[in-house]
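Across the two complexes that follow, chain A remains constant while its partner is chain B and subsequently chain C.
Here is the complex of A and B:
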């Protein structure tokens, strides 16, 4: 009797497990397991064209390190991620600051600003391809020609292709930054601004000493999201430039796709994926260390 | 320190007028409380003085300077907000020294000034802490410290005690008053709590519905309320207000309640006047010559006893120094002190 009762009590106390178990299984089954399985594949010679595979140790990692295109692709990746992070974060902040002001038409502008985010990435890539088409049919070239400038073969020029790719990714990502940062800005109490106004802060000082420090947690989340999102981003580079011209816009995620789905080299693709995963983790840890150092000291 | 002068101040939000032509002068070094019910416009008025709210019509002078178009920072004022508005990411010392930092004060001077003020407020040990690591009372003191550091001409307090528990509120009341006695800076203190206003202020401005009902010292407001609103608002428990008529009875004027009870009046009024008869609970006495009233509730507090009576159809509250041992349902005779009676015109609400 008492055992029955204690079992019942135990059930009652731990019944939350039944509610969270499905979510845990989903996360473990569809995220953690594939990720870990991917890591194990990177230590094999699995190839989609061959049925058998075996353990090869760190061979794929040596292959990656000695890959002749690594310096170029590595540089492209760092440049691409750094530019996207800097532009998306700062443009997001700038627009969020504007939308946070009591300006006329603010509600409409908020809705409009969010639109690019709901357009599929592939469509955005195709739109930018049309915009920056090298012929006179490209909208940018038509504009240049209208104003009497020479037309350009945007996507055939390595630097310009990279710039267009960054622009497309930023254009798509800025709305998310706006939503996040606008939400963050709206949580900052009006009294803090009023206190700063009475304390004698100029607009710039208010931004520097009140807005940014209070927005820091949101900026940190946004920074991590943009970094990992861009590092993993594949749709726009693939559909817009395909890594070209040559390999001038090839980034690690694109190499991964090419190895896995064009060369069918599952093991090598998994190696690149593992390296991207490690980069993501390292960058996130670095951000947390740098940006939260002061807070940790406080508590 | 400076005098603050308000001249014909009006405030509109769209078409809605919330402040209706306020004139007031707050003397140099004076502690003035703006008091009134929620929504009466007292905080709006304070925020207009601070420069946080635009003035629609009228002029505000701080000292000799017209400040209508000056930014808050140029008005030489400091403000303590209801929720303190401490910068959460700054330490107590940084919060207090922020205004000096913005004005380009060298760090050495800044630290010295912050330490001086911290000493006044007993904050020396908390200078390295963050607002989230402080109790409500400590936060309140830091907010005051931030205001004092600037050595402004005027202190503005916007209901600064309303977030504190009752006990702390009483002790902070004393601290703020003491601080004012020490610094002698012109202080404008907004509160909806008339006890706060009565205990702290040199003068009180009673506001209602965007208008000033009466300005005076706490005792003036208590003893001679200008109208029914002030009579009811000032004093706790509130003044008893009974509607009725002045009648002549045996060559003497008496007040006859709607229920027919007669109460003494000393004023020479004409019989037949419709009035509101006001008597404070503490000005009722138990007397054999009084009128009979039925006890409804007895609330002893130790130092005094509050008794709610039914006087005919009306309820009337008495506050007695002596211990009242009556039970609900008992009949007691109560007599208002004839020298402490307030009569108001029933139609206009003005004091007669």
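Here is the complex of A and C:
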């Protein structure tokens, strides 16, 4: 009897296993396992066109370092990520500050500002392709013609193509910054502002000494999220420019896709993936550090 | 900006503070917002209006913004002459199954994390969060190889498996945040009445968590409906292609030929999300923040 009861108690205490096990297995199987498996592929010469492959050590990594496109792709990646991060973070902050004002119609404004976030990447790519259509039929060319600009073939010129790509990614990404930073702004205690107002602080001083310092953890988290999100982003570059013209908009994540599924070089694609994974890991460590520091402060 | 301060202070002596400075500031804020709204809404409106233009108007110079006459031709053509209806059906199937499995497995796990204390709980939760951060770009080559082992290339099952697994972690975080706010005395009372743990979860806790469920459900729906890279690689045959893959192959980089279909096709592919967004919006912000505050 008592044994039965203790068995039952034991069951009750460990019942959680049945609740969490399916989730854990699925998540491990389809996120952690492929990530590790990808790392092992990078040490082989796996190719989608050939059945056999063998261990080749660091060969793919040497190939990567001496890759003739690396300077171009590396520069593109850094430039792309830096521009997107700078624009997305600052525009997100400005709009969040705007939406945090006690204005009539604020909820409607918030819904509008967040709208690009829900549009699928493929649709955004198609849309920007048409907006920046290179002929005089393109609506951007038509609008700019009103101001005396010449027709530009946007996506056929290296610099313009990069600019349009950044614009498209930022257009879609700003809402996430807004959501995060608006949430951050709303956690700042009102008393701080009241105290500042009593002390006769100017608006600039309040922003500089109360809003920004208190928003710093959220800004940092946002910075890290945008950096990794942009670094890993393939959808819009692939569907909008495909890396072209030439390789002028080819970023590292897109090279991964092209090597793997156009050149079918699975091993080389996995090498690039591993390098991206390491960059992500560093960003994640930074993310967790910020979170921990934030928690300590909250407690 | 310092509006919080402003509103906090002015609340006490409202009406007395409508100075010129404040009026100018409010006007500038609305102006700034008008700029934001234009940048957001112009491209979307242009696509929406474009979908109602006659093909001849789309290809005419100078380009128009407002259609000269509204027509449903483009929609009729997309439905009759392209495979988009099939792609949308495929997307619906994949999204629906993903939604059901993700919410089922994710909320059950979230309940486990919320109601039991066990070793390494926090570590497991953080690990889930970190695993969530592994981008599909990194896993795309292994996904292809794994799906070919499992014989699931060019199937919906393969997509549903991957989508479900990758959307479970944030579902757990959001739902655990919600369950944590519900008192455990609810569970205990029901258990004393002889309910099993699962019944407690299903009949008592879950119905109380509708806001969280809507938020997690909407995020899963959004991600599954829009996913592009994974289906492009592991399910790109015409029969199983989802919306994004279909649109990419159909209106890919070099084909400006089907230009006039693109507007209508884009509208049809985005409408379900916008509709879902309108419904989920209420819960979305509260659901998101409760998850992140933990």
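To be clear about the criterion, the second predicted complex is superposed on the first by the 264 of 299 C-alpha atoms of A that agree within 3 Å, B and C clash if a C-alpha of one lies under 4 Å from a C-alpha of the other, contacts with A are read in each partner's own complex, and residues count from 1 in each chain.
Criterion: a residue touches a chain if its C-beta (ideal position, glycine included) is under 8 Å from a C-beta of that chain, and two chains touch if they have at least 3 such contacts.
What you are looking at is a predicted structure, and each value in this text was computed from that prediction instead of being measured.
Peer 1: After lining up the shared chain so the two structures overlap, which partner does A:214 touch, if you call chain B first and chain C second: first, second, both or neither?
Peer 2: A:214 contacts chain B only, not chain C.
Peer 1: For A:157, select first, second, both or neither according to whether it touches chain B, chain C, the two together, or no partner.
Peer 2: A:157: touches no partner chain.
Peer 1: With the two complexes superposed on chain A, say which partner A:19 touches: chain B (first), chain C (second), both, or neither.
Peer 2: The second partner, chain C, only.
Peer 1: Would you sort A:194 into first (chain B), second (chain C), both or neither based on which partner it touches?
Peer 2: So A:194 meets both chain B and chain C here.
Peer 1: Chain A residues in contact: does chain B have more, or chain C?
Peer 2: C
Peer 1: Who does A:37 touch here: chain B (first), chain C (second), both, or neither?
Peer 2: After superposition on chain A, A:37 lies in contact with chain C alone.
Peer 1: Across the two complexes, what residues of chain A are contacted by chain B and by chain C?
Peer 2: 194, 196-197, 201
Peer 1: Within the complex, which stretch of chain C touches chain A?
Peer 2: Residue list for chain C touching chain A: 1-9, 26, 29-30, 32-33, 36-37, 39-41, 43-44, 46-47, 50, 59, 61-63, 65, 105-106, 108-109, 111-113, 115-116, 118, 124, 126, 128, 130-146, 161-162, 164-166, 168-169, 172, 197, 201, 222, 225-226, 228-229, 233, 243-244, 247-248, 251-253, 256, 259, 262-263, 266, 269-270, 273-274, 277, 281, 285, 288-289, 292.
Peer 1: Touching chain B in the complex: which residues of chain A?
Peer 2: Per the touch definition, chain A meets chain B at residues 189, 191-192, 194-202, 205, 209-210, 213-214, 216, 298.
Peer 1: Which positions of chain A touch chain C when the two form their complex?
Peer 2: That would be residues 12-20, 22-24, 26-35, 37-38, 41, 46, 48, 94-95, 97-98, 100-103, 109, 111-113, 115-116, 118-123, 126-128, 130-131, 133, 136-139, 142, 171, 179, 183, 185, 188, 190, 193-194, 196-197, 201, 203, 206-207, 211, 228, 232-235, 238-239, 241-242, 244, 253, 256-257, 260-261, 266, 269-270, 273-274, 276-277, 280, 284, 287-288 of chain A.
Peer 1: Under the definition above, what is the set of chain B residues touching chain A in their complex?
Peer 2: For this pair, the touching residues of chain B are 50-52, 71-73, 77-79, 81, 83, 85-89, 98-99, 102-103, 130, 146, 150.
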